[in-house]
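A, B, C and D label the chains in the order they appear, each numbered from 1.
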Amino acid sequence: MDLTLSPAEEEFRDTLRAWIADNHPGKEPEGDEASFAFRRDWQQKLNERGWAGLTWPEEYGGAGATQIEQAILFEEFARSRAPQMANVLGLTMGGPTVIAHGTDEQKARFLSPILSADEMWCQGFSEPESGSDLASLKTRAVLDGDAYVVTGQKVWTTFAHHSKWCMLLARTNAEAPKHRGLTYFLMDMEQPGVEIRPLVQITGEAEFNELFIEEARIPVENVVGGVDNGWRVAITTLMHERAGLAFALQARVQVALGELADELRGTTDPLIRQRFAQVAIEAQVLRLLAFRGLTSTMKGGEPGPEGSLGKWLWADINQALTTLAMDARGPAAQLVDDTWTYRFLRARANSIEGGTTEILKNIVAERVLGLPRA
Amino acid sequence: MNFDLTEDQREIQRTAREWLASRYPIARVREIALDGGSDATWDEIDELGWPEIADFGMVELAVVAEQLGFSLAPTPLASHWAARLLHPELEGRGTVAMWDGEDGAKLAVPAADVADTIIVQRGDQVFAVPAAEASIEPANALDPTRPLFTVRASGGEEITGDHLARAWHAIYVAAAAESVGVAARVTAMSVEYAKERKQFGRPIGSYQAVSHACAQMFLETEGARNVVLWAAWALDNDPDAAFMAANAAKAYASDAAVNVCRSSMQVHGGIGFTWEHDLHLFFKRAEANARAFGDSTWHREQVAATYL
Amino acid sequence: MDLTLSPAEEEFRDTLRAWIADNHPGKEPEGDEASFAFRRDWQQKLNERGWAGLTWPEEYGGAGATQIEQAILFEEFARSRAPQMANVLGLTMGGPTVIAHGTDEQKARFLSPILSADEMWCQGFSEPESGSDLASLKTRAVLDGDAYVVTGQKVWTTFAHHSKWCMLLARTNAEAPKHRGLTYFLMDMEQPGVEIRPLVQITGEAEFNELFIEEARIPVENVVGGVDNGWRVAITTLMHERAGLAFALQARVQVALGELADELRGTTDPLIRQRFAQVAIEAQVLRLLAFRGLTSTMKGGEPGPEGSLGKWLWADINQALTTLAMDARGPAAQLVDDTWTYRFLRARANSIEGGTTEILKNIVAERVLGLPRA
Amino acid sequence: MNFDLTEDQREIQRTAREWLASRYPIARVREIALDGGSDATWDEIDELGWPEIADFGMVELAVVAEQLGFSLAPTPLASHWAARLLHPELEGRGTVAMWDGEDGAKLAVPAADVADTIIVQRGDQVFAVPAAEASIEPANALDPTRPLFTVRASGGEEITGDHLARAWHAIYVAAAAESVGVAARVTAMSVEYAKERKQFGRPIGSYQAVSHACAQMFLETEGARNVVLWAAWALDNDPDAAFMAANAAKAYASDAAVNVCRSSMQVHGGIGFTWEHDLHLFFKRAEANARAFGDSTWHREQVAATYL
């Protein structure tokens, strides 16, 4: 039991903290385009310093850092209220998947532009009819010469309109059991068969998109991890996403908590104080779950199903935090404000996106506790 | 003893449900609220006698108010009711301005753009200010179906009388009844979706995580309707219980609508989070209405004060 | 919509209120025997006035009163903090079942001693292995000449040690589907084959019992509602129990709420005040649900599945109320006090006894909302 | 950075788990607590070095404390720890008296019958009073595994020093660790029962109403253990965060144990409500411990004060 940093880790933290202080880009601008450009610039700056792919192996342009250093980075980002990097899906999912399952050619082709933010990535897993039941997806890929021809519909593809590449899960074998007939593709978004429609959310923003795929072509060399092996590839990616994101998510909660504390400072309302404290305590619990997950991964390799706890708890916390912020505004919460209205509305999806809380509870019950399947 | 609507009240309910459904199908609500379409049904509403329905009784008003919430009709009727309850001699249309923003402005005033008179609360006093003498600016409302305004209004004629305390409590009940309508509509939407939507080869409503959530929605909706009808009835028939009942109704119905909508968002999954789905309109009405005319915490404290 | 009483109902209320004021037996004594004797005396007094079986037909010793008058009685009991009657199961379940399904001989034999509290009744439905799944019960009854021979085990039989008669549900047909092979018996508790063991609860009291039944004999004339028809008879009884008890339960909540208000009066703690108010509001919601149920029953006859809402909500409220009372005691709640410790512990069973909250939610989901069965 | 026990800490955990399981199987706990059996293991506990385990470190203490809660061992060890943290020079066995009852009595003092010294809090001051000079009467404890006493003790030697604030926070962490043990044991009991108990032909753990309740128990138990270990570690290594962490640990772990036990009562159904089932012993420990050394509301307010 030791939560202190090693001298090397302390040095990394101090270097990082100083660098952020010198390079902090300030407050993120409003609006999709401006915000995207702002985050891309920030990522490029970090990449020039070698820190965009902090834990990626050095041979692929990363810094070969430990997961602890990654955690330090998230915590320092949170402490300094630094923005997110633009290519978050490429950095946390696409890149690691290519590194783990890709061919040498794929590594040479795809990894560097992820880091530099020259090529953004999005994820094409979910479909309208297959939400929690991901493996029931219907998008089909049929081999035609040296390419697959893909037709189907995807939804909830974050940043699709900024993306060059889509991590696409499609059915290549209709005869096989539903988990066994899927293949993981890297699809070029810049082709006529791919139509992107913004999917406006209840916030009024279009953070997500729908993809309408009509005979899009994907060369066979863009299959990752083997034909009909897509479920395994995707699951590894999802597990990494969950483990990696756990730290980023908890760090973002700390940022929001600090902002809310700034607004509430000095309040004497015991109801508000109690609710704030409860969120603050749970945010610590979340942070410690992330530490615990890090320790397990470092010792045991693969992240376990316990990672589901973090995603579940994070959704609870972020909803409680943003609801408290709304309630603290009193009658003025009937009006849209600059910060909290959007966050409150956005947080409603936290318990749905990336695995609903119900599915996560199923996973904990069945895979951690060994309870029988419903 | 008959805790049910009378035949006349049922007739009012039916008329309201049908008329609002025909004039304000949800597609029309979206047009008016989201695309800035215009709404010109006040004359018809006037013919139905609804602006003066409080004269029939508070149960009658609550019955229509529930249907306003159920339909999300973007009409200024509820705001007018509030003004008329405080100012029974009101001529023309009214609205009520309560919350103090900075530098004397009143925040989140509904329907100020179409009001002839603005009833302004200042401390414990209430004044009637002609809208023409007030400064009225559009504000950015969370709930797009009920536009809000920032109002600056000084002077005016003070309204006095014994009716004021009852009027405020009647306003709470009317607002609570709207929340009941929202809760009822969203509970029905959720149940319907839970029957249709399949995952892992089964309707999601066959999973207890979903079915028990729907049962909870039903419990809170029924409970909210009962407490609102009781409070409405008490305002006309049981003055000893009426004020506590009105506070209880506003607290419980506000929470019920908010809880139902938040839970429904979870039952609907991703689709319910989209702009094109109607759920967010009900969700925003529930959240906004819960904060109008005193939030649940404030109303609960009033209830506590009657016991403790 | 009219919650006022008719002149006749008002007169009944005034008469009743005056009578209670003159006859109120004071505070219930501690201890099982003393408390039982106290409640029996109270019932006898009420029966002498004709009010023990208030809604029973006059030909069976009741007052033939309306359900509204019954509701008035519960409310006046609550208002005056009068005790419960001793033979509650005989009055609310046994008697009504015999009246609805019994033979003339059964009516002549059983009803009068229920009212006079000369013969107490208990209920033998639940078994250790069949909790929520009542119809899976295993107690068997085999015809032997002019009597059934019964062997099995029952549990949660309230007041068994005071009871002369047990409403017993036993399997008479092992071949039939589980709901079709049950028969409803009236079993004499005073026979060698019936052993009663007190079932001590977490409160330290033995309000319930286990029944060990070893070849007990029940004459055929004590079958109620026909052989193999026991499920239907029992369900009617349970529905009546739920509808009738709804009023009694809400009235008791009002009593407890009043007691808690007396203790908390003047408190300035906003957290306690908020929680108290929430319980008070929900108690009103419960009361109104009972009114609504009464109106429906008066108009439609049989109580509907909506009755489940009341039982469910009551359990929530009583648990919240007693937990609040504990919390308000602060550190002193580590010690057993005269009132609230027992009630707090006792309330834990509220969401289990008489239909678990989970089962009630299933009933609402399936039978009221029409959702598919799990 | 290693958020896990060291090999030495694991060894302590293993020893505690095994020793307590052998000396205090639940049947023995029932004998001592419910039937008034006698307990004479202090000398063995002394040999294990547990009375002074705080000298090794707070994580070590928390590890043993969790096992005390897990086993429900009716030993006065935790009370002694509390006394020794406040009074490091304590000789013999101690306990702590905090809450003022009427007329100068201290309520709900654990293990006063076997203590040599009673550490008495008076306002912000702390005094060591020889037990022989105090009046000690048995009280009626909710939790039968931890007898409580009403103590009247005047005078005594004041204990001063910079260690006091840390000592109180260490006491919170120790109490919180006991609650983690209770939560862990009850979560395991619930999961086991949910696998075995069948209704309608299926294990009840296959219903989401039960399986999700168990998942929630697991989340809160894991969360509580992590926050307790963090606070314990911080008391020795990160003074800036330690006090807030200790308050957070006590609030969260108290609630976790209480929530887990209440939920477990529901999962167990009727059987869990019987005296002969062990669940109520854990339930009562959770409820009592949540109210010892400050309830969750008080500890949350301390956390709020560090932010707001």
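Here is the rule we use: a residue touches a chain if its C-beta (ideal position, glycine included) is under 8 Å from a C-beta of that chain, and two chains touch if they have at least 3 such contacts.
Since the structure is predicted, the reported quantities are computational estimates derived from the model, not experimental observations.
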| item | value |
| --- | --- |
| Comparison of A-D and C-D by number of C-beta pairs in contact, larger one | A-D |
| Intercentroid distance (Cα basis), chain B paired with chain A, Å | 39 |
| Whole-Å separation of chain centres (CA-atom averages), chain B against chain D | 49 |
| Of all residues in chain D, the ones touching two or more other chains | 207-210, 212, 297 |
| Residue list for chain C, restricted to those that touch at least two other chains | 270-271, 274, 358, 361, 374 |
| Chain contact graph, described as a line, ring, star, complete graph or other shape | complete |
| Chain A residues touching chain C - in the complex, by the definition given at the top | 269-271, 274, 374 |
| Chain C-touching residues of chain D, taken from the complex the two chains share | 98-99, 101, 107-108, 139-143, 148, 199-200, 207, 209-210, 262, 265-266, 269-271, 273-276, 279-280, 283-284, 287-288, 291-292, 295, 297 |
| Touching residues on chain C, where the partner in the complex is chain D | 126, 128, 130-133, 136, 155-156, 199-202, 204, 271, 326-327, 330-336, 341, 345, 348-349, 351-353, 356-358, 361, 374 |
| Residues of chain B touching chain C in the complex | 1-6, 9, 59, 191, 194-195, 202-203, 205-208, 210-212, 214-216, 218-219, 222-224, 226-227, 229-230, 233-234, 237-238, 245, 248, 251-252, 297, 300-301, 303-304, 307-308 |
| Residues of chain D defined as touching chain B within the complex | 207-209, 212 |
